[in-house]
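As written, the chain order gives the labels A, B, C and D, with residue 1 at the start of each chain.
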Amino acid sequence: MTDTIIHVALLLLLPPLLLGVINKTKARFAGRVGAPLLQAYFDIAKLARKGRVLSGTTTWVFRAGPAVSFSAVAAAGLLIPFGSLGAPISFAGDLILFAYLFGLARFFTTTAALDTGSAFEGMGASREVAFSCLSEPALFFAFLVLAKLSGSLSLVEMLRVSPDWFASGAAAPLILVSLGLFVILLAETCRIPVDDPNTHLELTMIHEAMVLDHGGPLLGTVLYASSLKLFVLVAVLAKVIVPFRTGRAWLDWPIFVGETLALAAVIGVLESVMARLKMRRVPYLLVSAILFCGSGLILLVR
Amino acid sequence: MALVFVFFPILMAALALAIPSNRARPWILPIAATTHTGMTVFILARPDLQRFSPWLVLDPLGRIILLVVSALFLFCSVYAAGYLKYRQERSNRLFCACLLAFLGLMGLVAWSHHLGLLWVAIEATTLVTAPLIYFNRTARSIEATWKYLLVGSVGIALALLGTFFLAYSSMGEGRQPSLLLEELLSGAPALSKGWLRAAFILLLVGYGTKMGLAPMHTWKPDAYGESPGLIGAIFAGGVTSCAFLAFLRVYQICAASGEGVFASRLLLFMGLFSMAVAGLFMAGQRDFKRMLAYSSVEHMGILMLGLGIGEPALYGTILHVATSAATKGLLFLSAGNIHRAYASKSTDQVGGAIRRLPISGSLFLAGFLAITGSPPFGPFISEFAILNGAFAAGRFLVAGLFLAFLLVVFIGMGRTVLKVTLGRSPAAVPSPAEDSGYRDGFLTAAPIVALMALVLLLGLYIPAPLGGLISDAAKYLGAPI
Amino acid sequence: MLVLIAMALSAVSGLPGIFMARASAGGQRAACGLMCAAALAGLTGACMGLRPGLAGSCAFPWPAAGNAMIGLDALSAFFLVPVFLFGGLGSIYGLGYWPQERHPGSARKLQAFWGLAVAGMGLLLVGKHALAFMLGWEIMALSAFFLITAEDRESESRRAGFIYLIATHLGTLTLFGMFALWRWATGSFALEPIAAEAADIGALNALFFLALVGFGLKAGVMPLHFWLPGAHANAPSHVSAMLSGVMLKMGIYGLVRFLFLLPAPPASWGGLVLGLGALSGLLGVVFAIGQHDIKRLLAYHSIENIGIILMGLGLAMLGRSAGRDDWLVLGLGGCLLHVWNHSLFKSLLFLGAGSVVRGARTRRIDLLGGLARSMPWTAAMFLVGAVAICGLPPLNGFVSELLVYLGLFGTAAIPGGKVSAAVVAAPILAMIGALALACFVKVYGIVFLGSPRRPDSVPAPESPACMLAPMLFLAGCCVAIGCAAALLGPPLDSAIAAASSALPRELPRVAALAPLTAVSIASGSAIAVIASIAAFQGLRARRVRRAPTWDCGYASPDPRMQYTASSFARTIESMFAWALRPRERVPLIEGPFPQSASMESHVDDAVLDRLIVPAARWTQRLFGWFRRFQQGLTQHYILYVLVALALLLGTLIPFGDLISRLFER
Amino acid sequence: MLDLLNAVLVVVLVLNLFALGTSRILAVIRIVAVQGALLGALPLLMHDRLTLPVAAAAVAAVGLKGIAVPSIMMRALRDAQIKREVEPLIGLLPSIVLGALATGLALLVSGQLQLSDSRTSTLIVPASISTALVGFLLLTTRYTAINQAVGYLVLENGIFIFGMLLVEAIPLVVEMGILLDLLVGVFVIAIIANHINRAFSSMDTRRLVSLKE
């Protein structure tokens, strides 16, 4: 029972820290001191205390958007094994629940965006939905490779990447899959190559455009949900990239946290090195993700 | 008993000529028709009376055709009473007389077992029905009658030549040539093959012209298109059935003499060719009566196809004679009503028939669905039986082509029928003021509803006596005594 | 046999409507009452049929082809449930949507043929004999035609009806051929599994192909779907709900029934069905995204769901030919459950669209907007339907897609590193899911949310109670199946057992293979969490200030600035332009002060408008050429007779020895 | 007896060619009348002993074909007051050539056919085939309605010649039926021709083309 408590605590507390790490690395690269690591926590707390301003055209869907997306991503988090422990909920086929929970979150954020009836929110929603059509198949190709390797359909076994897999020639597919997953991670959480989180030009936004009209606690929930989503995807990627386990619980937890923070740092480095892709180029990036995972599967099968 | 069948209607025809008043004369039609149908049912129940002389024998084929045509005539005569009441501006003396004369001659065709006598009866039906087409007295109906007469007489003359060839083929070593069906059938294997085949072809072309098989069908769209709906029904149901009966006799002799393979190849070709021609000319047809004529050409093609397939499909073919006659009659009568109501036959002026003529319009649409073989109705059972026969006989290509032509005909017919029945009547139609005021009267609508009920009954459940009649007709056709 | 009584009741339910006075609504209410009674009787009969073991059948004589058997087994009971469920609900909805007063002429006709259609479907499902099956099939098809052309005043509805009629008749003729071939192969019309050695592989392939085309036409599989969008868009909404919710499933029932009666299917059949399913799914949803008419969009979306059902069926057939029972059970279970789910949420969506069309008087999405405020209940129901149809977790769509996914992933878990080609279907299904999500976000967002795009229009009134009740009931069913998926195990198992009665071996249970219980717990808790958060936010609704949409500081946001249907779908349309071929009329704007210009993009149906209509025009011209043979001159007609005679006599003369004899001398 | 039969048949063939050659309708009708009368008398030559039915049939055939039918045609012609010219589709000379060709073809074909018994070594079969072909020729190449009726008559005569071979097979009743039908047929054709003339004010069937696809 205790490890579920740890799992939930980790799931709820750690994510804003990742945002802090990313911004800190970007600042360091730019030679700035940058905002403190815990800045994201302060923002969320500040926003929670604010009063709510709602647009005249919105209905209850607008308020439900952030709530549902937060709970969906949280539920998805519960399916992922952290550190050396199994996931609180795991059954054969939970990978599909994992993917479709992200779908549910996306459904409600985009409908909430359309509810305001503003041009930019519509544009953001349309882009978000269009690009997700390409990232979903990539995700499923990745899961196929992991299912084939682990022989089971539960996320816990699939993500327990063990060194002996490499014996059966699984190194190359795993590398390709992790590359694919990394691209999906960037696309889903709208990091630099796909979308610039702190840009002010609405025409170029995807994720930020959808939340233009959210204010106060709603914006807080949205921010928290997006960091949670980042954390979950980073956790999945971490489990795939770092194959070895020490087997001792008290040692695995810090290693796992270290891995996530390291990945956040890598994202930060990537963001400061690369600029945003043109909107027409983004589909090609996502198709490359599909090709990575697909070729991973073909390599595996050969 | 046979003579009663032939002379009673002719007597009534004479009586019709005698009745002076234009208004009372049409009522003689239903009276004669009911008595005729009563006599038919009586004769069917009494097999002992069915042999009057070697010349006049009512064999199973004759019984079916007699029953079908007399039932159809009954419905048409009730319709005629209502129709002629509406058309008082023209004398219907000749009209009623010719109709009753046709009934008598049809009786003669059903009864006659001597091919010469059969030919005389068929020729007489041609001549008797010619004035019927000319009832409307317009320039177009004269042209239709002329074409019907010319092409019909040429066809019938060829049939006479065919009959002589048949007689000549029976003139073997020292045997007396004869045209009696029994003698021909018993001596069939001894007939000389060359003459028999030539006779079969001549009779196929001759009676094919009467039935309206392609390429001899050219008179049909004109004749059916220009004559009143009632006459179209009599033609499509009655005259073609008589011609088909005549051809069945020839087919019997051919099959008995072992020429079955030669005959079936020819019949399959003619059948498919007729269905193809019907499909070709029905696409984009503007005039719904001419469309019905082409549908009759198609159904003659289906009958020939059924014969061509041979033994497994005979039951379906004979059943198809009955079901298609009833459905054709239904379609022509309702088309007649629609034509009267809109005073025009082209789909540019006619539309929304269901709104203006609820009974005729909807039954016209239901008739269309029936004639193209949709399940709940009669023709589906017969066409499906023919299809099964085709498969049982192993002729897959023929079955495939059969289905393809059915679809082409359905699309062609559907376009015209839906334009006529659904939607709103187009603006070009005479405004309601001088609308011809023709509505579904009781006499003109009741027969259509009765025919529809009959077609639906044939589709769902074929009554035992009729089933028995058809199956022993099929057996008789397959292997005569 | 409750079901037989139910069918008789529904057939007769149409009649009182006709004889009652034209204007009085009594006739319609009586007919609707009869219809509901029939539905209840039918449902109880079907549920009893679902219990394993009960397979009663009775025969009644049919002279043309031996006696026709009628029997109820679990598979047909499984399909009977949606038929009767929606039969009753649809007629209740019809009371509000198509009242007698507003449509005196067509309301009675609609009610009569509604009963006939339900009775036809009942007979079809219960028929064990070719003729009974086809009788039911055609009654359903013809009454559907009359339902579609209920408002036959508009030429568009007549055209759609005509195209539908041609497609149905093509299907019926293919079934004619199939049953004739069936009788030729097995010697009888009874629909019993064919013995393996009865027919050679050629006949089996022909049977499979004919069944696929005949039933595929009715089910709306991709290449044969051309009639579906027109028919659904132009029919009254509760008719199109029945068409897409229930009638497409008759095609699926036919496929499931017949493909499992054929002995030893080669793997290529399963692969073909799976491929067709993937094709229909993908292109169906892509076309749906490009549509501007709400009911056409839902119609194309039915094609997508039929695609998913076919993927399940294809997977089951692959399992059968490869001997893998788990694929068979998962595939067939997913297929059958998706049949139920689809008939629930698709009818819910169509009824929702119906009340939108009734309120706003138009079907074009770009003229709607902001309806959620004036029609709150319809908006809520439509949202439940939308979430369910995208297969998102808490609701029922997810359960059936989960089964199909597990089956597809199962194909990857073949030992020995070999993977069957079917595994590529899983990512395609994922893409279909994402596209479906895009499509329904577009529909819901643009129709119900935002501000009304026609400023002058009076806000659309909410539909009356008798329209909302069926929608509420259907939404309830969706949520119930979502949460209580485990209860569906036993009916699914008995239906699968009935379908694959030809297989000797006992099949594993669905619950053993799929985590139904886990899923139902997960979705139950998810709904509970969302409800609590909503309640929590409701309580804490402190002072809420209403202000115009900020929208980055636009002074006066104008409703016309909102995203429209075509702009929302533009990115995806450009991605799939190779399939959609959108036609755009882009205005050319020149000069410093261009006058008003409008841009219009239209996606017309690839198969119908680019393939079938030009082909029809071409054949029309070809047939026209033959008119020259009927030009009126009597002399020509006589010449034709002579030529025919000469040709036929020509076949008589043995040319061979005639020529040889000539050359001898 | 046989050579007399052949002589009559040769006369019939010659009459055929004349019918093709004349340009005036009255002349054509008279030629066909003579041909009909000759054919009516033919059975008397065929039978060695003269029985009552055969004689009656012959008298009826001569009476009908020789006198009744031509008179109907003449009356129809007189009422119609049409100009008596015959405008054939192809000129008179080519139709005669075609007629001759038809006769030659008939002779060639009948040579091939295996005839069963001795009595038919005469010209009956070629004569009937060639007359039938000439009848067809008249039907398809002449425009005036009456001329087409005449063509039909010639076709009927051709078939009648073939009937001579089977005198025993066709009893009297059927013979009478055939002749009666011929009479009524021509009668109806004449009436319709009359109506054509009144409706179209000319006998030319080229005007009868309004019914077409």
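We adopt the following convention: contacts are C-beta pairs under 8 Å (C-beta built on N, C-alpha and C of every residue); 3 or more make two chains touch, one makes a residue touch a chain.
Note that the structure is a prediction, hence the values are computed from the model and not measured.
> Using mean Cα positions as chain centres, tell me which chain lies farthest from chain B.
So the farthest one, by centre of C-alpha atoms, is A.
> Please indicate the chain closest to the centre of the assembly, with centres calculated from CA atoms only.
When every chain is reduced to its C-alpha mean, the one closest to the whole-protein mean is C.
> Using CA atom averages as chain centres, what separation in Å is found between chain C and chain D?
Here chain C and chain D have centroids separated by 69 Å.
> Please compute the C-alpha centroid of chain A, do the same for chain D, then give the distance between them in whole Å.
101
> How many Å are there between the centre of chain A and the centre of chain B, using C-alpha atoms for each centre?
Averaging C-alpha atoms per chain gives centres 78 Å apart.
> Compute the distance, rounded to whole Å, between the mean C-alpha positions of chain B and chain D.
31
> Two-or-more-chain contact residues of chain C, please, as numbers and ranges.
Residues 627, 630, 632, 634, 638.
> Which residues belonging to chain B are in contact with no fewer than two other chains?
Residues 143, 146-147, 150, 154, 194, 221, 281 of chain B each touch two or more of the other chains.
> Hunt down the residues of chain D that sit against at least two other chains at once, touch-wise.
Where chain D meets two or more other chains at a single residue, that happens at 136, 139, 148, 205, 208, 210-211, 213.
> Mapping chain-to-chain touches, which pattern fits: line, ring, star, complete or other?
other
> Residue numbers of chain B touching chain C in their complex, please.
Residue positions touching the partner: 143, 146-147, 150-151, 154-155, 158, 194, 197-198, 201-202, 204-205, 209, 215-216, 218-219, 221, 266, 280-281, 283-284, 319, 355, 369, 372-376, 380-381, 383-385, 387-388, 390-392, 399-400, 403, 406-407, 410-411, 414-415, 418, 422-424, 460-462, 464, 467.
> Residues of chain D touching chain C in their complex?
Answer in residue numbers: 89, 112, 136, 139-141, 143, 148, 205-206, 208-213.
> Can you check the complex and tell me which residues of chain A touch chain C?
51-59, 61, 63-64, 67-68, 70-72, 75, 89, 91-94, 96-97, 99-101, 103-104, 106-107, 110-111, 113-123, 125-127, 129-130, 132-141, 144, 147-148, 151, 153, 202, 212-213, 215, 283, 290, 294, 297, 300-301
> Please name which positions on chain D make contact with chain B in the complex.
It is residues 113-114, 116-117, 132, 136, 139, 145, 148, 152, 155-156, 159, 162-163, 165-166, 168-171, 173-174, 177-178, 180-181, 184-185, 188-189, 192, 195-196, 199-200, 205, 208, 210-211, 213 of chain D that touch chain B.
> Which part of chain B faces chain D closely enough to touch in the complex?
114, 116-117, 119-120, 123-124, 126-127, 130-131, 134, 139-140, 142-147, 149-150, 153-154, 157, 160-161, 164, 167-168, 170-173, 176-179, 192, 194, 221-222, 225-226, 281
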